[in-house]
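Next up: the structures, one after another.
Two complexes come next, and they have one chain in common, chain A, joined by chain B in the first and chain C in the second.
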Partner chain A sequence: MTSRQTAIPYLLILPSLVLAAAIIFWPVGSLIEIATNDVNRFGQLKGWNDFANFSALFANADFIQALWRTGLWTVLVVGGALLVSVPVALILNEDFYGRDIARVILMLPWAVSLTMTAVVWRWALNGESGMLNSALMGLGIISENVQWLASGDLAFAMQVLIGILVTVPFTTTIFLGGLSSIPQDLYEASALEGASRLQQFRHITLPLLKPFINIALVLNTIYVFNSFPIIWVTTQGGPANSTDILVTHLYKLGFRIGKLGEASAVSLIMLAILLIFTIIYVRLAMKEREA
Partner chain B sequence: MKSLFLKTILTATLSLAALTSVALAGTVRVTVAEYSAKTGPYFAEAEKAFEAANPGVDIQIEVVPWDVLLQKLTTDIGAGSNADLSIIGTRWLIDFVKQDVAEPLDGFITPEFKDRFIDTFLSPSVMDGKTYGLPIAASARAMYYNKELFEKAGITEPPKTWDELKAAAEKISALGGGVYGYGLQGKEIETDVYYYYAMWSQGVEILDKDGKSGLGSDGAIAAAKIYKELIDKKLTQPGVTSFSREDVQNLFKQGKIGMMVTAPFLSNQIKEEAPNLKYGVAAIPAGPSGARGTYGVTDSIIMFKNSQNKEEAWKFLDYLFTTDMRAKFTQGEGFLPVNKEEAKMDYYVNNADLKAFTDLLPSARFAPVIPGWEEVAQKTSDALQKIYLGDVEPDAALKATAEEINGILQK
Partner chain C sequence: MSKLKRSIIAWALLSPLVVLSLFPFAVMFITAVKPQAEVLNPTWWPSEIRWRNFIDMWTVTNFGRALFNSLYTSLIATIGAILVSIPAAYALSRFRFRGRGAFNQFLLISQMLSPIVLVVGLFRLIAALGLVDNVPTVGVIYMAFNIAFTVWMLQSYFATIPKDLEEAAWMEGASRGQTLVKVFLPLVTPAIAVTAIFTFINAWNEFVIALTLLRRQESYTLPIQVFSLVAGRYTVEWHHVMAATLVATIPVAILFAWLQRYLVRGLSLGAVK
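And now, the complex of A and B:
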């Protein structure tokens, strides 16, 4: 009787476990295989090569730079999106005339494919015929065309801004869900005690929103870390690899230059980084909740 | 009830099996690159006409955008699910041959068939004496110039040398109003090629006689300095590293650029998008010694070694390379004729634009047939972008890149 009882939970998760194994473990397994082998450009294995793919990567200055830039990219986009989304969600949570329309407008960028958004931005940022330059010129803010995508620093800054813009809808949605779960009587009670709006925000809203901020942080970090279209469409990681992040570096290695072994190694390293980040973060968040 | 259900399934499976077996008998799958909106309809028409003339053969065309073609082929071949025929960039052919996935076509090629081709275009697909591909598309580069801007700036003739080009660019840029002398490509595919035009005019080749990179030579550095000077003197559009070939072409169509080097298809685009633009096509400027070079490109259609229906596949190739089919394709896409009979057609003979391109063919260079060419191109483009941005000096940067390339070539 007891043995049957212990078996039931495992039986119940078995189908999803099999499914997960098929769609997660199997590809990761073949990635490991490709990454540790000498591979030709069509993915045919030519034998074990003592982690030569990994050592080639770490000897490559472009890879190291892309690694750091990926960190910067993730922190800036996720951080920026969180900072923008909290006030936006607070405003959209208030009852005001036209709120529904405002919510729809905010969600729209989410409904458009990321690649299309990036293509539109590429046109808008064109130095000679782009919309942004002519708009700024029309407003009298600039007197000469700005070459937004010509140099790495400026191009990267613009990419981060686009990244924040497209991350905000999803993040706001999570926060709106969080805000609607906060009971209204808490605010009423604190208002009776004479709490100001700021105090309410700091001592009621923020603590109760925390689990949602955590979810948004983890999910966004995973999405943004792996995000390919914005950077690829606007600059392809250029000029001279100065806006490359790990995914665009991986794509060039794998499909342009044909080094599938090194490209697989990059993706394993990315997987490892994300896994470690997620484990540490979930642990920290759990501990906080217990405390 | 149950037996009826079973029966239905059984008959469905059987008929499905019958269908697939019929389909397998003469199915030829063809992966084609989408050159323009006309590519898909052209091949659909070819498929229909060919199937009508050859009952039992089923042609299946897959149209793939150029940007993802190599990626698709890589994954298809890796999984063993590639088509029977595919268009590829001829510069990739060496990888296909080395990995033994391309079928030599010599067994099928008759002397009559071979004689249909202009030799310059067939030769890049020949490796170790075997023909592995047929040139489905051929192109070269020449210099487009805006006649209206030339007139306004008081320039009577297109420049013949790089010095004349600089002088002309100065006059055009001096017109002001967002007009620039020379359109310089500094981003994405063929950024390196755009520089080779200047490099070839200095008598330098991509690879020298010993198979080493020519980038470190004095001529190559001089060529980079020509471009850098044009940028520094504001004779090119600003922010060159954010302009891909298409971006520069768009500026040319808008009449904002005096001169640019690009392929014949720009003529077709101008005809459709900017019919009022007055332009001419001239030779690429020469260097001090009179040397000049244009970039010749062919795309090949190849047969895969693992194809089950080689006879049928070849028949389809034979059909595609008949004069009429070729003419329809080449004229629709704006390529150069690869077929001798086709080249004699009035369309080509009386076309001044195309004549400028065909005149340059004797000085055409094709991408060198070396493994790792894509990596060499990437390294070269990276170095050029840094030079254009002014982050590095041409001298040191090109010499360092030459070393790197030599390292890649030795592997």
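And now, the complex of A and C:
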């Protein structure tokens, strides 16, 4: 009886364990195999090659560029989203007319798939007939059409802005959860002591919000680092690979050029970076739970 | 400060973000109802509203087929993920067992491994099994990638259900299985529904796996179908594309905006436990 009892939880978790392991962890093994072998474009392995795939990557200027741009992309989108979300959450935490409507509207960018959002922006940013140009011209902000996606720098800047826009709702929601956990009497007590709103923000709100900022920081870093559709749909990493980040570089290597070995090597490098982010997340989450 | 004054300031401060959030919807809607001749004109408002575009779009963009494929993959993913996650979440919230922590870590890592990072390895495996361009296979892959999320969501709700009710049922002589079906599951049905809807939306929106594994137009899901109408073409029928995007987006967006407050609880709490 007791041995049957102890087996129950294992039987209960078994189906999910097997399914996730087969579909998620088996490919990791496959990636390691491909990355460390000579491989042709059909995926046939031709033998161990002393990490030639990795050295080929680091000799490739496009990869190095994509690596740096991924760092820039992640920092700008995550940082931008945090900077926008703190004030937005503070405002939404106030009691004002139409707050529920404002919340729903501001959540909309999160509700639409990234692919669809990116398709819409690709059209809105169209240089000849896009609606952003016509809107800005109608408002008298620009006097001639801007080719938003034609040059790498401008296209990348627009992609970062789209990235920030779709990251704000999730981040704001986390902060709203954090704000609602701050006891109201702290503010009342400090107001009695004569603290200004700015002092309250600096000495009460910000310190108590910090664990939530940390969680949002790490989770967003993981999501944004992995984010593929915005860049792929708007420019496919172009023009001339000038908006490639690691994920789009990886996809091109694997499914356009057919260099499966190098694509797998990029995947493994990304996995290593993600593992570091995850460890940071687990640590923060544990600290949060103890506090 | 009066509430009215506060409201005006709040809306004024939020207005740039409100405009940016609504802008894509305005672009979708206005382009979708423009007469074809006006789509490439750089004007905002159409001279007349062409609802017919939606009907034309349905056949021109092969919308029905893509809709069916999206429903098919998303339903497989949702039903499958929920069915394997309920027992796992129940075990995590009701049993103390060795390896419980390890299983949580396993889920955390599987959540971290995003499809795009695994796509080369995944493609090789699926190709070896001869399942490229197979729609149900994509559904099963979505199922696997959603397990960590569904287990966390369900577990965080299950943990809030007091054990007393189940214990009372045991006292009355009900077996563990009977208690589970008659007492526990009815209590957690709302949680299961919410989790199922989010899993469905996740699968509905997925891009990279479908892009890689679905090769023929007949097997495309909606995101891939819409993307294929835009990418690498000289002439894009933007009014049809925007009509398709709008129809594919609105129902899911409403569902999501309505339910999103439930999501964060599961995401932020579940990951911690």
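Simple rule for what comes next: the second predicted complex is superposed on the first by the 251 of 291 C-alpha atoms of A that agree within 3 Å, B and C clash if a C-alpha of one lies under 4 Å from a C-alpha of the other, contacts with A are read in each partner's own complex, and residues count from 1 in each chain.
Here is the rule we go by: contacts are C-beta pairs under 8 Å (C-beta built on N, C-alpha and C of every residue); 3 or more make two chains touch, one makes a residue touch a chain.
Everything numeric here is computed off the predicted structure, so don't read it as measured data.
Student: Going by the contact rule set out at the top, does A:41 touch chain B (first), chain C (second), both, or neither?
Tutor: First partner only, chain B.
Student: In the overlay, answer first, second, both or neither for which of chain B and chain C A:267 touches.
Tutor: second
Student: Just checking: does A:160 make contact with chain B only, chain C only, both, or neither of them? Give me first, second, both or neither.
Tutor: So A:160 meets neither chain B nor chain C here.
Student: Quick check on the superposed pair: does A:149 touch chain B, chain C, both, or neither? Answer first, second, both or neither.
Tutor: first
Student: For chain A, which side has the bigger count of touched residues, chain B or chain C?
Tutor: Counting contacted residues of chain A, the larger count belongs to C.
Student: Quick check for you: in the superposed arrangement, does A:231 touch first (chain B), second (chain C), both or neither?
Tutor: Neither: A:231 stays clear of chain B and chain C.
Student: Which partner does A:255 reach: the first (chain B), the second (chain C), both, or neither?
Tutor: A:255: touches chain B and chain C.
Student: Check the residue A:107 against both partner chains and state whether it touches chain B (first), chain C (second), both, or neither.
Tutor: second
Student: Quick check on the superposed pair: does A:128 touch chain B, chain C, both, or neither? Answer first, second, both or neither.
Tutor: So A:128 meets both chain B and chain C here.
Student: Tell me the contact category for A:241 with respect to chain B and chain C: first, second, both or neither.
Tutor: After superposing on A, A:241 lies in contact with chain B but is clear of chain C.
Student: Just which bits of chain A does chain B share with chain C as contact spots?
Tutor: 43, 128-129, 145, 236, 255, 260
Student: Write out the stretch or stretches of chain A touching chain B in their complex.
Tutor: Residues of chain A touching chain B: 40-44, 125-129, 145, 147-151, 155, 235-236, 238-241, 252, 255-258, 260.
Student: Report the residues of chain C in contact with chain A in the complex, numbered from low to high.
Tutor: Residue positions touching the partner: 3-4, 6-7, 10-11, 13-14, 17-18, 20-28, 30-31, 39-44, 80, 83-85, 87-88, 90-92, 95, 97, 99-100, 103, 105-110, 112-114, 116-125, 127, 140-141, 143-145, 147-148, 151, 204-205, 207-208, 212, 223, 226-227, 230-231, 236, 238, 241-242, 245, 248-249, 252-254, 256-257, 260-261, 263-265, 267-268, 271-272.
Student: Given the complex with chain C, which residues does chain A contribute to the contact?
Tutor: Going through chain A, the ones touching chain C are 6, 8-13, 15-17, 19-31, 34, 43, 84, 87-88, 91, 94-99, 102, 104-117, 119-124, 128-131, 133-135, 137-138, 145, 165, 168-170, 173-174, 177, 215, 219, 222, 226, 228-229, 232-233, 236, 247, 250-251, 254-255, 260, 263-264, 267, 270-271, 274-275, 277-278, 281-282, 285-286, 288-289.
Student: Please name which positions on chain B make contact with chain A in the complex.
Tutor: 70-71, 74-75, 77-78, 95, 99, 101, 178, 186-188, 237-243, 247, 250-251, 254, 256, 372, 374-375, 378, 381-383, 385-386, 388-389, 391
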